[in-house]
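For reference, the structures are reproduced in the following blocks.
Both complexes below contain subunit A, partnered by subunit B and then by subunit C.
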Partner chain A sequence: MINQLGNYSLVFCVLFSIFIITQSIRAIISKNSKFDGIFYNLVFLQLFLVVFSFFCLVVNFIVSDFSNVTVYNNSHTSKPLFYKISGVWGNHEGSLLLWLLVLILFLFLFILNSKKSENSYKLLTILFQEVIIFGFLLFIIFTSNPFEYVFPTPIEGLGLNPILQDPALAIHPPILYLGYVGTSLVFSSSLAATVNKSINSDWAKHIKKWIFASWIFLTLGIMLGSIWAYYELGWGGFWFWDPVENVSLMPWLCLTALLHSVLVLEKRNSLKNWTIILSIATFALSMSGTFLVRSGILNSIHTFANDPSRGLFILIFLFILILLAIIIYFSYEIKNTNPSNNFFWLSKETAVLINNWFMMYFLSVVLVGTLYPIFLEVISNEKISVGAPFYHKLMVPFLIPFFIFMSIGPRLKWIKDKFTKINYYQILILILSLVISYLIVEYSGVKYLFSTILISTSIFLFYSSASDLVKKNVQFPQKISHFAFSLLIISILVNGIYSKEINSNMKVGDNLTFMNKKIEFKSINFEKQDNYNLLRGNFEITEEGKIPINFQPEIRIYDQPVISTSEADIKTNLLNDNFIVFSLLKEGEVFNVRYQQKPFMIWIWISLIMLAFGGSLALIKK
Partner chain B sequence: MKKIFKLITFSFLFLILINNSVLADNKISKVDSISKNLRCLICQGQSVYDSQSEFAISVKDLIKKKIEEGNSDNDIYEYLKNKYGDWIMYEPKLDKKTLLLWILPLILFVFGGLLIFKKAFINYNKNV
Partner chain C sequence: MFGKKVKLRIIFLSFALVSLILIVFLILKSLEENVVYFKSPTEIKNLSELTKKKVRVGGMVKKNSLEVNSKEISFVITDFKNEIKVTYSGIVPNLFEEEKGVVAEGFIQDRKFFVAKKILAKHDENYMPPEVKKALENN
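Up next, the complex of A and B:
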């Protein structure tokens, strides 16, 4: 019954979609500038229908109605309530329904928030957004309907993949989707402004909020995923250059470029075409991300769906949308640029362009690295892997000039600045940071000129952004975000260079010496939990002159489906994370034990939260 | 006040780094450094180093044996590549089929730089 209600409500949604599209086209053609309440009401009803449909699916999951195929495939009666609910979006069908929900929600919020905008622009945005909604509705109903039946009704479900049963991962998809889908609104609005020929400062001011909102959610979403990878996958890393991670990083890089260029548009009424291109590209990247993940093309731990018809549908849909965008862009492109918009090479405009330049470069590395192996395999049937070493080689050297530009850029003025502004004090700091990093590198034994320069430029950046914190002429949100970014960079570099680890096979009672620490495997306990069995290891780490610390990592053996996962035990302080994890080996009594000391780990998360916080300050600022 | 703030944070950071670096004298074993660059073929998205699968363990043993026999890193990579294909290597070697992979981003970088140069120098001078 609930199942049918959910399904019908989706079908009604399609009718609404068609109706809204035709109504908005009629309103645009007739140039009837009266924007009455009809679209507000229609979209509200559509939102209601899809929320209702989503609610039905949630109820199905809560009551464990296994006649529903999605519930059957992804749930189990013994699962805790929290994971029953998060299981709704822990799978392909449910997550697309959530995606659709957010699409419509954003359109509704847009109508609510743009009362002052021009009618023709608003109508066009509604039209474009509704076309996207329509495409997703068809996609869900025809290739991934969450309300399909299983007959006869099974008694028990197949269960949710245990590595997905985790609080960070339960909220990771909704947050990430808010970011992804936010870009769809930026896309619709950019196309609308292009057609309406109203790309100007006012529009930039209006769309900026949406760009910031998407960027904040995307930042937080990526962070949650990476926190999860850090403690759940048990390898101690937080970024693996896994294709699915890359796919979320690409729109982030593009969006970061966009939120800088839109500021130029707002303040100086320039870079119009470029801002539109970035808006289109950001959305295209979000969509192709969905395509790559959902089609099962990527070889990745995240890929749950392996259905070529789904991939084909998204690919065609994506192709149509991009084609539409390109046609609109070229037919309405602004040809004659106003000469008064030009700027001197030493100016904030150039600094923003340089930011965009590097963002686009990093984006192209990730894009080529992710897609090239797929194309190569299709064309020549040869399989190659593109992993961390590739990305590091192509990206890390470019960080050096990037840091230097980023230290100087925010201090420049619009249009034209003078040389004297680059003061000697900054140069002194640059030299000082070079000396200090040389000493650090010299002492640590990492005797590479390269890391010296890399660390010094990052310290230089840290100092410029820290001293900007107390400056009056820099915008507050920008101060916070730039400072957070430099903190993030330093933390990642220090973490990358100074992390230490030991990996060894141990039995109960074994000892291990690592640096000046003694690691003792004391005992092992068995415990029974609701939906899994637990092996708890007791480790004691003693360091001379300090109180011994106990670590209790776990191995969980889930019943449904039978999978074992390792839960790391992490002791965090401001300087270091101490991370211990153990896993089963084939020969019963021996376990693989991995101990890691990861400096500055907590600062990576702190700085990411601070980065998003800086963004939200920009959002609430008038 | 500003300068004091700078000085304090500066020296603080310096001390942290020095402290950490003094502790840092363990050398990563060669087996570890090699196995980090290899994909575990039967796992999903794990390196040989990270994995405890039978395949990964056998590859690690093989690397150990090869090192003891006096092979260089490159010999070992070559050997594994011949045995399992390019798929095992996380860093694709620069050759005919991966040329675009390596240089496409660099070409885009140069191209972008030229565009900015044109916008900031040439357009400006034209209009002044």
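Up next, the complex of A and C:
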């Protein structure tokens, strides 16, 4: 019953979509300047339908209606309610429904938010966004309908993959989607402004909000995934250059570039073409991310099902959209109203451009690293993987100039600046940071000239952005975000250099000495929880002159499906994370134990939150 | 010969072109150095020359082959045709078990011996790396 309701409201959604598309085309052609609220109502109804449909799926999951294939495949009666609900988007079909929901929600918010904009521009945006919505609707209904049913009704479901049963991962997909899908609106609006020939400062001011909003959610979404990887999956790592991580990083890099270039468009009415190209590219990257993940081309935890027809559909859809964008981009000339299109070499505009170049470079490195293995496999059937060394080697050297430019850039004025402002004081700081970083590198035993330079530039950046905090001529949100970024860089570097770890295979009663600490494996207890059995290890770490600390990492053996996961025990303080995780090795006698000391871990998360917070300040500011 | 503006533009363009070429060269070069090839035990046996580079080996963990001491573990990866012994010290994923699929990343010592630096995590009891699946199907 609920199943059918959900299904029918989706079908109705398609009808609405077609109706809105035809109506908006008619309104555009007839140049009907009266924007008579009809679209507002239509989109509202469409939103209502898809929310209703989503709600039906949620109810299906809550009551564990296993006649629904999606519920059957991904849920189980013994699962806690919270994970029953998060299971809605923990699978392919449900997550696409959520994606669709956000698509329509954003269009609705756009209509609400753009009362002052020109009618023809608004209509065009609605048209383009509806085309995307239409495509996704077809995709959902024909290749991944969440409301398919099985008969006879199974008694019990197959369960949700236990590693997904985690609070951070429950909210990771919706947040990330808000970011991804936000770029769709930027895309539609850019195309609309191109057709409408209204790319100017006002448009930049208007679209900036959407760019910031997407960027904030994308940042937070990536962070949540990373936190989850840190304690659940990665055994202490937080970024693995896994293709699926890369796929979320690419739109982020592009969006970050866009975020900066749109400011130039706003302030100087320049960089129009570039801004449009970036908007299109950002959305294309978000879409191809979905394509790569959903098609099963990239194999990872995010690949729910390998169904070639889905991949093909998204690929064709993506192709059509990009083709449409390119045709529109080339058939409507973008006039530069600003006569002096060349920037003075020492100006904020140039600094923004430099930022964009770096972003594009980083983007292309990630792009090649992610796609090359796929192409190679298609062409030569050779299977390869590209790991961290590739990315580090290509990106890290370029971070040095990037940091230096980033320290100077925000202080420059628009249009034209003078050289004299870079004073001796700053040079002194640079030298000081060189000395400090030399000491750091010397002390940590990583004796590379290269690391010294890298650390000193990042300290320099940290100093510059910190001293910008008290300056008046820099925008407040920007200060916060730039400072947060420099904090992030320093934390990652310190974390990378000073992290220490030890792995060992231990039995109960075994001891281990590591950096004048004694790690003792005292005992294990068994406990029974609702939908898993628990093996809790008791470890005691004693350091001379300090109170011993108890660690209790867990191994959980879930009933349905039978999978074991390791839950790390992490003791966090401002300087260090102490991290213990253990896993089953052989018939439950010997355990694989890893102890890690990860300095500055908490600062990585704090700086990321701060980065997003800076963005949201910019959003609130009118 | 050229006006000042044109000259500037030519300089800029050639600069951009050179840096683009450099970047492409850099990316491709480091790609070549840093890719990790996937091999099955049979493929390793048939290698004409043993590589010093990092590779991945995939297959099944042979029954009763897992040995554990306090420093490291060792096991045998088999594709049911040929096998290779692997030693590893480090953390193993929870789904690492005998008679299950595994992918080990590390260095080939000789045709029968492999030192792993990493055992790849799999997150689903039914999941098998496509490489393993293919290698198993081919044999």
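By definition in this document, the second predicted complex is superposed on the first by the 615 of 622 C-alpha atoms of A that agree within 3 Å, B and C clash if a C-alpha of one lies under 4 Å from a C-alpha of the other, contacts with A are read in each partner's own complex, and residues count from 1 in each chain.
Rule of thumb we're sticking to: a contact is a pair of C-beta atoms (placed from the backbone, for glycine too) under 8 Å apart; a residue touches a chain by one contact, two chains touch by 3 or more.
Note that the structure is a prediction, hence the values are computed from the model and not measured.
S.K.: Do subunit B and subunit C fit side by side on subunit A in the superposed arrangement, or is it a clash?
M.R.: Superposition result for subunit B and subunit C: clash.
S.K.: Please work out whether A:561 is in contact with subunit B alone, subunit C alone, both, or neither, and reply first, second, both or neither.
M.R.: Touch status of A:561: second partner only.
S.K.: Looking at the overlay, what does A:613 touch: subunit B (first), subunit C (second), both, or neither?
M.R.: neither
S.K.: Classify the contacts of A:500 with the two partner chains as first (subunit B alone), second (subunit C alone), both, or neither.
M.R.: first
S.K.: Once the shared chain is lined up, is A:467 touching subunit B (first), subunit C (second), both, or neither of them?
M.R.: The first partner, subunit B, only.
S.K.: In the overlaid three-chain picture, which partner chain does A:592 touch, first (subunit B) or second (subunit C), both, or neither?
M.R.: Once the two structures are laid over each other on A, A:592 reaches both partners.
S.K.: Looking only at contacts as defined up top, I'd like to know whether subunit B or subunit C touches more of subunit A.
M.R.: B
S.K.: Quick one: classify A:161 as touching subunit B (first), subunit C (second), both or neither.
M.R.: After superposing on A, A:161 lies in contact with subunit C but is clear of subunit B.
S.K.: Go through the superposed model and pick first if A:372 touches only subunit B, second if only subunit C, both, or neither.
M.R.: After superposition on chain A, A:372 lies in contact with both partners, subunit B and subunit C.
S.K.: Based on the superposed arrangement, let me know which partner A:332 touches: subunit B (first), subunit C (second), both, or neither?
M.R.: neither
S.K.: By the touch definition at the top of the document, which applies to A:44: first (subunit B), second (subunit C), both, or neither?
M.R.: neither
S.K.: List the residues of subunit A that touch subunit B in one complex and subunit C in the other.
M.R.: Correct list for subunit A: 235, 299, 301, 361, 364-365, 368-369, 372, 382-387, 389-390, 393-394, 503, 583-586, 592.
S.K.: Which of the residues in subunit C come into contact with subunit A in the complex?
M.R.: That would be residues 23, 26-27, 30-31, 33-38, 56, 66, 68-73, 89-95, 121, 123-125, 129-131 of subunit C.
S.K.: State the interface residues of subunit A toward subunit C in the complex, per the touch definition above.
M.R.: Contacts found on subunit A: 161, 163, 233, 235, 299, 301, 361, 364-365, 368-369, 372-373, 382-387, 389-390, 393-394, 503-506, 510, 555, 561-566, 581, 583-586, 590, 592, 594.
S.K.: Under the touch definition given earlier, write down the residues of subunit A that touch subunit B in their complex.
M.R.: Residues in contact with subunit B: 235, 240, 242, 299-301, 339, 342-345, 347, 349-350, 353-354, 357, 360-361, 364-365, 368-369, 372, 376, 380, 382-390, 393-394, 398, 436, 439-440, 443-445, 459, 462-463, 466-467, 470, 490, 494, 498, 500, 502-503, 514-516, 575, 583-586, 592, 599.
S.K.: Going by the contact rule set out above, which residues of subunit B touch subunit A in the complex?
M.R.: Counting only subunit B, the residues touching subunit A are 2, 5-6, 9-10, 13-14, 16-26, 32, 37, 39, 44-47, 49-50, 52, 54, 85-92, 97-98, 100-102, 104-106, 108-109, 112-113, 116, 119-121, 123-124, 127-128.
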